[in-house]
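Below you'll find a set of structures to go through.
What follows is subunit A paired twice: with subunit B in the first complex and subunit C in the second.
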Partner chain A sequence: MGLREILWAEWVAFYKDLTRRKSLIVSFIVYPYILTLLFIIMGLAVGGLTSFGQRFHVSAITFFLTMSYLMLTLLIGADMIMQRPSSDMWAGTLPYILASPAPRVLRYLAVALPMLAPFIVQGIVCLTPVYVYYYGVEGSVLALLVVFLSVLAGLFMVPIAMVIMGLAYMVSEEGWRIINIARPLLLILLGVYYPRYLLPLVFRVATMIIPSSSLVEIIQYMLINNLTMSLASVLLGIATASFILLLPIGSKTVARWEEGLRFKGVKEY
Partner chain B sequence: MIRSLLAILKAYLVTSLLRNKAIIIGVLQMTLWMILFISPMILFSRPSIPREFTAAYAFIAILVFISYNMASWDWAWSLRQMMIRGILEHYIISGRPVIMVYVGLMPVGLLWVALSLAMVYVIMAILYAPPAIWVHDPLALIVGFACLLIVLCGYSLILGSSMLLSGTSGPVVEILSWVLPIATGGFTPLIMYPEILRIIALTTPFSYPAELIRYGLIGVIPALPTNKLIMIGLPYSLCFLAVALLLLRYSIHKIRRDGVKAIGII
Partner chain C sequence: MPRSPSVEAIGLIKRYKTKERKGLFKGRTIVIEALKGVSFKIYPGEVVGLLGPNGAGKTTTIKIISTLLIPDEGEAYVKGYDVVTEADMVRKNIGVMLTVEKGFYNKLTGRENLEYFAALYGLSSNIIKKRVQEVLEIVGLEELGASDRLFEEYSLGMKARLNLARALLRDPDVVLLDEPTLGLDPPSARKIRDLVKGLAHREGKTVLYTTHNMFEAEIVCDRIILINKGITVAEGTPDELKDKIMAFRTVKIMVKGEPYRYDKLKEIVGIDLEIRKENGLTTIMFKARKPEELIGDVIRVLVSNGADIVKLTVEEPTLEDVFVYYSGKG
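Right after this comes the complex of A and B.
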């Protein structure tokens, strides 16, 4: 079974569910705006938009809209992978997955890809008007670049999600409890809302193991118009290297978890 | 009735606090989410305003947000969970009023809010500055908290009833629990809102508790004089609760007549 077949199966399952539930489509559209509104209103209460603009040379609306969109893009694919064992257990499909000869990396890439596709549309619809307002016509090019990098960052979350999922379910049958802790921790380490470059160097280096965190940093530098070609190349290189490095680790972790499960058997609900 | 109430309280206490180290995991999870959402607020701070005041504003905003979240996800969502698991029909047939479920859930929910706020205070004190909170007006504070509790009960009853009537899904509840506090002055003093938004916020019962608590705790000038806020806010909250109770009664009556809605897991 190749990537195409698995991808098609995942694609159909995801889009049937998405089109069936209109509230999910609405939430796809409104979420980045709601999160932005939340931060802007909270920001107004504690200081103001001017102080943010003076400090970071970017409008708070542009920054938080981009970061909220980015957070959702990063979370959706990773979350679906991390929650997969639980949902498969509930649906009764876990034994079939364990029996499947499909390569693990392809299987989990296929889980993330259909989830990320609507974010291309969401990103263009959501970011372009705001960018054009703040940056002029060039803003549309910037929006396309940000969407591309965000979706790439979402895809780069696959190996780290595989590692967390494998470890969490190896440690406990109720691995979702550990995942509930890992999810916000991952978002903090990614530096989505609080840029990584504001943190001490040690912390910044430590987070480089998460491939997407470097892409998040590229987007943030792009927004504040402070990205040089050399910096972009270095960060992109780090992201790609850590992605390639983590893929076999993720695959091995999942394999260890599956091995244990084959020995113990799958719980029926 | 009391036995039923105690059974709900015990079950909820065990599942949400004691089973499988739930309290440790819950506190850790909450702390991390709070760090994620509190840290960007620091980026807005103005150097001219003392950090303690900035932290105090943020603390009140988080208090309101956590309260709404708890009313949505702990109180109202429990009815949907009962529907999904097929328990609700049995509960209705037993003849016990559904409101008892809420009463049983409340102490643990409020305990979580208190715990969360303590965590938020500690995180703020470590990451930024300890919030400058002092009792500025005890009466406004007491009435504010009473109004908040009444409004939260009413809100969760309406949300719970709407789930029973229409099978409202998770994303809708989530959006509501974000939008409501934003739109009704939960996060920002109404005095800082544009005129039209301020009027809209004051037509809802949600704005009064937030304004009273903000005034009672940190002395922020409210959009209306305090006595007016109390005179309007308290009866308005009680009316809101009464309407919510009527709606719950109607939804149970409808379920008895038409059966429980078939709904998805999420």
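Right after this comes the complex of A and C.
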């Protein structure tokens, strides 16, 4: 039972599915721009773009475009996992998946990875021109770094998504309802809507339990050109540590949920 | 040395708890006792039918054996492995089919779906393609030219075949099939039945096959376990089951005209006499264990009353009779 086979299976399944749903591909490309537009309109209503730039030392467009992109990678990594039981219930595939010996952590990493890969391309295409405009040529290096960190942040969402998914579906067969509430909450805790470095320390530390939040912080520091090497390594260390810490917890939660299903019987539609 | 069973169920009991909703917050838990003590043994190389009406507990039994459901009481073993505590070992030895029409991804082809599950089931990448091709050929999807079509475009018969194909991916010794021909067109149903028989008789696999169709159980299964309301009510080969209700064979005598002396006939055959009139013909029916001892007397009465005998048949009991007999008792 290798990671290779599971990865390959999810990869093929995902891309075959994606390429057969044309509308999804289109929405995939325009989504970050639409989100940025939305943030900017909200921003204009609140106080104007220049005042944002003066207060937070970063242009509103750069900030919100980056955060929109980051929000997508974060959500995608988590969503693929959190929505999966629901769609597998509907397709009737869930019992066969429960009966498989595939190690759960490997499987859910495999579920998230294929979806994250196209975001590398999306990120480079979206961010590079804007960064080069605001930061000069170094902007392209910055873009690559941000893309790398964003995709990594998406991957680091896997264990927390497993925890939320397991708990939500344990509480209710219609766990996706709970997940719909958990999702915006998660984004608030992650800090993609605002500069994290302006947060009260208590809140900043508390939210570091979510592995990706430290990566969000690194990216935000990079945007204001204020990231030191030592700060970067501390934050990266915290992110990695909490990711590794959460993996067995995610695995346990999923196992509990599956065990519960074996008592109640897998619901069939 | 006695053969050891490949599947064994001992006193399985399963209760489902569901909520009955009344209004927004009110509700009470109701307990449905789906299995009330199901026991059986299945040996290598046989197709055993779990036959019972809807709601009898067939699916529940299949799910317990396939490790998808934990029983409240009782035990079950597959090749000696406990389905609760050694689920992983059980899973390696079984192939299961839970429905005919679902269980695959719509936007993937039949082949892609099988490759997906093969990977998930732990087949290594160098044999996946080959094995998937094999099972596609076995179930006849290749022959239908359907292997590379999207699952959402499949007919019900193709979906059923793909489901069976998945159950065979790991070449398991024990195959569990829950109503595998439900709603299928006759050619697909026949194909599945033939395949199933072949699996057991040619390859020595053990097959547990549920159905609510007596005709089907009779032609597919080497042995039948009758299940009703969560209890196994009878067990045996199709012939044994018929014998068990002591072969109440049905005699039908069709006559022209009106024989009238029903009282006399009743004296001979007992109260179990049935008379039907249609288009000037009268059909006299009765059930008897040994009809040959009665037919002579019956005919004499009919003829002496001027009846003109058109046709006489003696029918063997069907499984339906067996079923009605046991269900009536249960």
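Note that in this section the second predicted complex is superposed on the first by the 269 of 269 C-alpha atoms of A that agree within 3 Å, B and C clash if a C-alpha of one lies under 4 Å from a C-alpha of the other, contacts with A are read in each partner's own complex, and residues count from 1 in each chain.
Just so it is clear, contacts are C-beta pairs under 8 Å (C-beta built on N, C-alpha and C of every residue); 3 or more make two chains touch, one makes a residue touch a chain.
No experiment lies behind these values; they were computed from the predicted model shown.
Colleague: Based on the superposition on subunit A, does the combination of subunit B and subunit C result in a clash or a fit?
Modeller: Subunit B and subunit C fit side by side in the superposed model.
Colleague: Report for A:181: first if it touches subunit B alone, second if subunit C alone, otherwise both or neither.
Modeller: First partner only.
Colleague: If we overlay the two complexes on their shared chain A, which of subunit B and subunit C does A:51 touch? Say first, second, both or neither.
Modeller: Only subunit B; A:51 stays clear of subunit C.
Colleague: Looking only at contacts as defined up top, I'd like to know whether subunit B or subunit C touches more of subunit A.
Modeller: B
Colleague: So, A:100: does it touch subunit B (first), subunit C (second), both, or neither?
Modeller: second
Colleague: Examine A:266 and indicate which partner it touches, taking first as subunit B and second as subunit C; both and neither are also allowed.
Modeller: Once the two structures are laid over each other on A, A:266 reaches subunit C alone.
Colleague: I'd like to know which partner A:39 touches here: subunit B for first, subunit C for second, both or neither.
Modeller: first
Colleague: Looking at A:13, would you say it contacts subunit B, subunit C, both, or neither? Reply first, second, both or neither.
Modeller: Second partner only.
Colleague: Vertex at subunit A, arms to subunit B and subunit C: angle between C-alpha centres to the nearest 10°?
Modeller: 90
Colleague: Please work out how little space separates the C-alpha atoms of subunit B and subunit C at their nearest point after superposition, in whole Å.
Modeller: 7
Colleague: Indicate the residue numbers of subunit A shared between its subunit B interface and its subunit C interface, in ascending order.
Modeller: Common interface on subunit A, subunit B vs subunit C: 21.
Colleague: For the complex, which residues does subunit A have touching subunit C?
Modeller: 1-2, 4-6, 8-9, 12-13, 16-17, 20-21, 91-93, 95-102, 107, 262-266, 268
Colleague: Hey, which residues of subunit B end up touching subunit A in the complex?
Modeller: Its residues touching subunit A are 20, 22, 25, 28-29, 32-33, 35-37, 39-47, 49, 54-55, 57-58, 61, 169, 171-172, 174-175, 178-179, 182, 187-189, 192, 264-266.
Colleague: Would you pull the subunit A residues touching subunit B in the complex into a rising list?
Modeller: 21, 23-24, 26-27, 30-31, 34-35, 37-39, 41-49, 51-52, 55-56, 60, 64, 90, 174, 177-178, 180-181, 184-185, 187-188, 192-194
Colleague: Quick check on the complex: what are the subunit C residues that touch subunit A?
Modeller: Residues 16-17, 60, 63, 66-70, 88, 91-92, 96, 98-99, 102-109, 112, 115-125, 128, 150, 166.
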